[in-house]
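Consider the two complexes below, in which chain A is the common component and chain B and chain C are the respective partners.
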Partner chain A sequence: MSLLEIRNLQVKYGAITALKGVSISVEPGQIVTMIGANGAGKSTLLRAVSGLIKACAGNVVFEGVDITNLPAHRVVALGISHAPEGRMIFANLSVRENLEMGAYPRANKGEIGHDLERVFSLFPRLKERFKQSGGTLSGGEQQMLAIGRAMMARPRMLLLDEPSLGIGPILVKAIFETIVEINRELGMTILLVEQNAHQALKIAQYGYVLETGHIALEGSAGDIARNEQIRKAYLGEA
Partner chain B sequence: MRLDRSVIFLAVAVLASALATLFEKSINPYYFQIIIYIGINIILASSLNLINGFAGQFSLGHAGFMAVGAYTAAVITTSLGVTRGSIFAIPVLALALLLAGLMASIFGLIVGIPSLRLKGDYLAITTLGFGEIIRVIVQNLDFLGAARGFTGIPKLANSFWVFSTAALVIFLIYNLVNSTYGKAFLAVRDDEIAAEAVGISSTRIKVVAFVTGAFFAGVAGGLYGHFVTYLNPMQFSFLKSFEIVVMVIIGGMGSIIGVILSATLLTILPEALRTVSQYRMVIYSLLLVIIMLTRPQGLFVRRRLFKRGSTPKTEIS
Partner chain C sequence: MSELLQQIINGISLGSIYALIALGYTMIYGILRFINFAHGDVFMVGAFIGFYLAPRIKALFGGSLLIATPVVFLIAMIGCSLLGVTIEKLAYRPLRPQPKLTVLITAIGVSLFLEFGGQLVFGPDPKLFPTLIPSSTVINTQNLVVGSNSIAVIVTALVLMLLLRFVVYNTKIGTAMRAVSYNHRAASLMGINIDTVISFTFVLGSSLAAAAAILYASVYPSINPLMGIFPGLKAFVAAVLGGIGNLAGAALGGLIIGLTETFVVGYISPTFRDAIAFSILILILLFKPSGIMGKDEPEKV
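After this line comes the complex of A and B, so read on.
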C-alpha cells in the first residue's frame, strides 16, 4: 500500500484553477520529487496535502486514512510534516524554540530532547546558533531550521518545498545530502518539490513533472532525467 | 528556576501590597488615587499585551471588556448589599471579581470567535466597534444607571486588592509565555501559517489569548468600580482602549516589564503635567510622538521584533 495516495486533486484560488485533477502516489521509504516550472502548482499540491489550503475535489489518503481537507494542525498529528516554501521560521523565537515548536503536538519530553540532539547532529550549524533568534539566521541556516523543525514532529512523511530556494550552490549540495540522510537513516518518506530538477532527480527514486496544474509525466527519477523533452525544458540543455 | 523566581516575586508583591494598606490613610488621597490607577492600568496593559504583544492580534476593544467586568462586579456587590468593613466584604469582592472576569471572558469568546478570522487593521476596527457597542448598550440599560451612571458601589477595593491582583496577573502571564503552550502564542504572532504547519491550531491560540486577556480586563474593571464607587459609560469609551494600547506600544509589544513601566509612567505623566494646565495634553501627545520616533520598539525594549513576513518569502507556485 502506498504511504500517500492523492487522487484527482483539484484546488482553486478564486476563479483560477491551480490543480486540475492531480493523482500521485508515494511509496513508503522513498524520496519522490515533484518538478515543474514556476506556477505549475507544486507548492499548492503540498499545501493541499498538509491542510494549509482546501481542495475543492479529489482525495488525499495517508496510510489508508482519508485526510482530505483536515485542518493543518491535525494533519501534523497524523504524521505528515511540511517545511513550507520560503521557510517561514518563527523570526522572534530562538533556534531552539523553533525546533521545540516543531514538536508541539508531542508530549514525551525525553523523546523530544533526543530528537533535538538528532537535528543538531544533522545540522551542526543550528547547534552553534541555538540561542540566536530565527530571524538573524542566513537563508541557508533558516532552511536547515525549517527542515529540522518539520522533523521534530517525528513524522513518517516529510513534505519539503523548494529547499534550494535562494541558497548558494555549496549549501544546496549539503542540504540535499542531509535530505538523503534523513530518508536513509531515519526512514522518513520524503515528497520533495523542487525547481532545481537536476539535483532533485539525483536523489529521488521516483518523479513527477507538473505542468500548469496537471501531471505531464511520471516515472523513475532516472527515466525522467534521461527524457529528451525534460532535458530541454528543465535541465537546461539545448 | 524561572518558576521559583516568579513565585518569590508573587509572594513579595502580595505581602507588600497588604502592608501598603496600613499606610493608605496617611497618604495624600490624590496621590493614593494615582497609585491605585497605576495598579489597575498595569493589569489592563499587561492583559492587553497578552493579546496584542504576545499573540499579535491587534485589539482595540479592551475598555469594552473592562466595562463588562466593572458593571458585573458592581451589580453583584450592590445587590448583595455588602458595605465596607462588613465581614462579607472580602469573600463577596473576591466572588464579584471572579464573576466579572468570567463575564468579560464570555464576551471575549463571543467577540473573538467571529472576529479573530480577521487580521491587522480589520480586527482592530471590529474590536473597536465591539467596545463601542458595549458602551452604547450600557448607556441605554436602566438597571445599570444608563447615561446617569451607576452609583452607590461600596468602596471595597484597596491597595491590597489592586496590587496583589496585578502581581497575580503578571505572575500568570510570565509563566504562560515561558511555557510551551505560551510559546505557541509567539509562534502564531510570528507566522500563522508556519504555526499551523507545525501543529498549532492558530484559531484556538488566538481565542485563548483573547479570552484570557478579556478575563483580566474584566477583573481590572471590577477593581476600578469598587475604588471610584461610581461608573459611567463614558469612562469606557474607545479613548480608554486607546490609552491601554498606547501603554502596550510604548512599553514594547511583548515585553512584560516594559509594559508595567509604561503603564506606570503613562498614568503619572498626565497628572504630573497638570502644572502646565492648558498645554498638558499637547505636551503629553508630543512626548508620545517623540518616544515613537526615537524608540519605535518600545521605551524599555532592547531589541526590535522582526515584523510579520520580514523573513524572505516568495509567491506561491
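After this line comes the complex of A and C, so read on.
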C-alpha cells in the first residue's frame, strides 16, 4: 500500500484553478520529487495535503486513511509534516522554541529532547544559535530550521517545499545530503518539491513533472532525468 | 514631598488596574489583530460577579476575608473567562475570515449588548460593592496616608502580571500563543489548534479583567453596568501607548495612564479625569502610532 495516495485532486483559488485533477502516489521509504515551472501548482499540492487549503474535488489518503480537507493541525498529528514555501519561521521565537513548536502534538519530553539532539547533530549551526530569535537567522539557517522543525513532529512523511531556494550552492549540496540522511537513517518518507530538478532527481527514486495544474510526466527519477524534453525544459540543456 | 509620594502610590495603584485590563486588549490584538471593544464590559461583569458572590462566599467562610477574597477572585475570573470564550466563539469566530472592520463593529455591538443587557439584568442604578479588601491605614504620617487596599491592588496586580509573564514565556501553550500571534498558518502546520489557542487567550485576558474589576470596585465601590466604559477605554489607550500587541508595553502604558490621571486630578482639576487619557491617545497617534515599545512597522488595522 502506498503511504500517500492523491487521487484526482482539484484546488481553486477563487476563479483560478491551480490543480486540475492531480493523482500521485508515494511509496513508503522513498524520496519522491515533484518538479515543475513557477506557478505549476507544486506548493498548492503540498498545501492541500497538509490542510492549509481546501480541495474542491479528489482525495488525499494517508496510510489508508482519507485525510482530505482535514484541518492542518490534525494532519500533523496523523504523521505528515510540512516545511512550507517561504519557510515560515517564527521570527519572534527562539530557535529552540521554533523546534519545540515543531513537536507540539507530542507529550513525551524525553523523546522530544532526544529528537532535538538529533536535529542539532544534523544541523550543528542550529545548536550554536539555539537561543537566538528565528528572525535573526540567515536564509540558509532558516531553511535548516524549517526542516528541523518539521522533523520534530517525528512524522512518517515530510513535505519539503523548495528547500534549496535562495541558498548558495555549497549549502544546497549539504541540504540535499541531509535530506537523504533523514530519509535513510530516520526512515522518513519525503515528498520533495523542487525547481532545482537536477539535484532533486539525483536523490529521488521517483518523480513527477507538474505543468499548469496537471501531471505531465511521471516515472523513476532516472527515466525523468534522461527524458529529452525534461532535459531541455528543466535541466537547462539546449 | 509626601503629597507627591501619596500621588505616586495612588497613581501606581490605579495604573496597575489599567495595566491588567490593557493586557487583555493587547493579547487579543496580538492573536487576532483587532480591538476587542467588549473587553471593558467583561470587566464590568467581573465586578457584578464579585458583587453578587461576595456576601455568600463571606458567609460561607464565616466572614474570613483571607479565604473568601481569593475565592471571589477565582470565581469571578472563571466566570469572565467563560464569558470571554463564549463571546469569541459566538460573535468573533464566525467572522474570522471577514475584514477586520466587520469584527470591530461586531465587538462594539457585543459591548453595547453587555452594557444594556447588564442594565436589564443587574438594574441600571449604582450598587455598593461589598468590602473584600479591608481598607485599614497602613502608613499614616502627617501628609501621607497609604491604605491597605492600595497596597493590595499593587501586589495583586504585580503577582498576576508575573504569572502571566510566566505562562506566556515559559509554558508550551504560551509559546503556542506567541507562535499563533506571529503566523496562524505556520502555527497550524506545527499541529497547534488555532481555535484552542485563541480561546486560551480569551481566558487569560478575561480573567485579568475580572481581577482588575474586583480591585477597581474595592477602591471605587460604586458599581453599575456602564462602569466598564471609561476604564476600558483608558486601558485601551494604555495598550496603544505601550505598543499594541506588546505585553510589557501594556503594563507600562497602564502605569503611565494611571499616574498621569492621578496627577492631573490632584494638581490640575478632577474635571480632566477622563479627558486626559484621550489627549494622550491623540498625542501617541500623532507622534508615535506604534507606541513606546511597539515596532515601527507600518501596520494596517
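Definition applied: the second predicted complex is superposed on the first by the 238 of 238 C-alpha atoms of A that agree within 3 Å, B and C clash if a C-alpha of one lies under 4 Å from a C-alpha of the other, contacts with A are read in each partner's own complex, and residues count from 1 in each chain.
In this text, contacts are C-beta pairs under 8 Å (C-beta built on N, C-alpha and C of every residue); 3 or more make two chains touch, one makes a residue touch a chain.
All values reported here derive from a predicted model rather than from experimental measurement.
Visitor: Quick one: classify A:M101 as touching chain B (first), chain C (second), both or neither.
Guide: Both partners.
Visitor: Counting only touches as set out at the top, which of chain B and chain C does A:G187 meet: first, second, both, neither?
Guide: neither
Visitor: Between chain B (first) and chain C (second), which does A:T44 come into contact with in this model arrangement: first, second, both, or neither?
Guide: first
Visitor: Using the superposition described at the top, determine whether chain B or chain C touches more residues of chain A.
Guide: Of chain B and chain C, the partner in contact with more residues of chain A is B.
Visitor: Using the superposition described at the top, list the residues of chain A that contact chain B and also contact chain C.
Guide: 50-52, 71-73, 76-77, 81-82, 84, 88-93, 97, 100-102, 104-105, 149, 153
Visitor: Touching residues of chain A toward chain C in the complex: what are they?
Guide: Within the complex, chain A contacts chain C at residues 50-52, 71-73, 76-77, 81-82, 84, 88-93, 97, 100-102, 104-105, 149, 153.
Visitor: Could you please specify the touching residues of chain C with respect to chain A in the complex?
Guide: Where chain C meets chain A, its residues are 172, 175-176, 178-179, 181-183, 185-194.
Visitor: Which residues of chain B touch chain A in their complex?
Guide: 180, 183-184, 186-187, 189-191, 193-202, 254, 305-306, 310-314, 316-317
Visitor: Chain B touches which residues of chain A in the complex?
Guide: The touching residues are 38-44, 47, 50-52, 71-73, 76-77, 81-93, 97, 100-102, 104-105, 133-135, 139, 142, 149-150, 152-153, 165-166.
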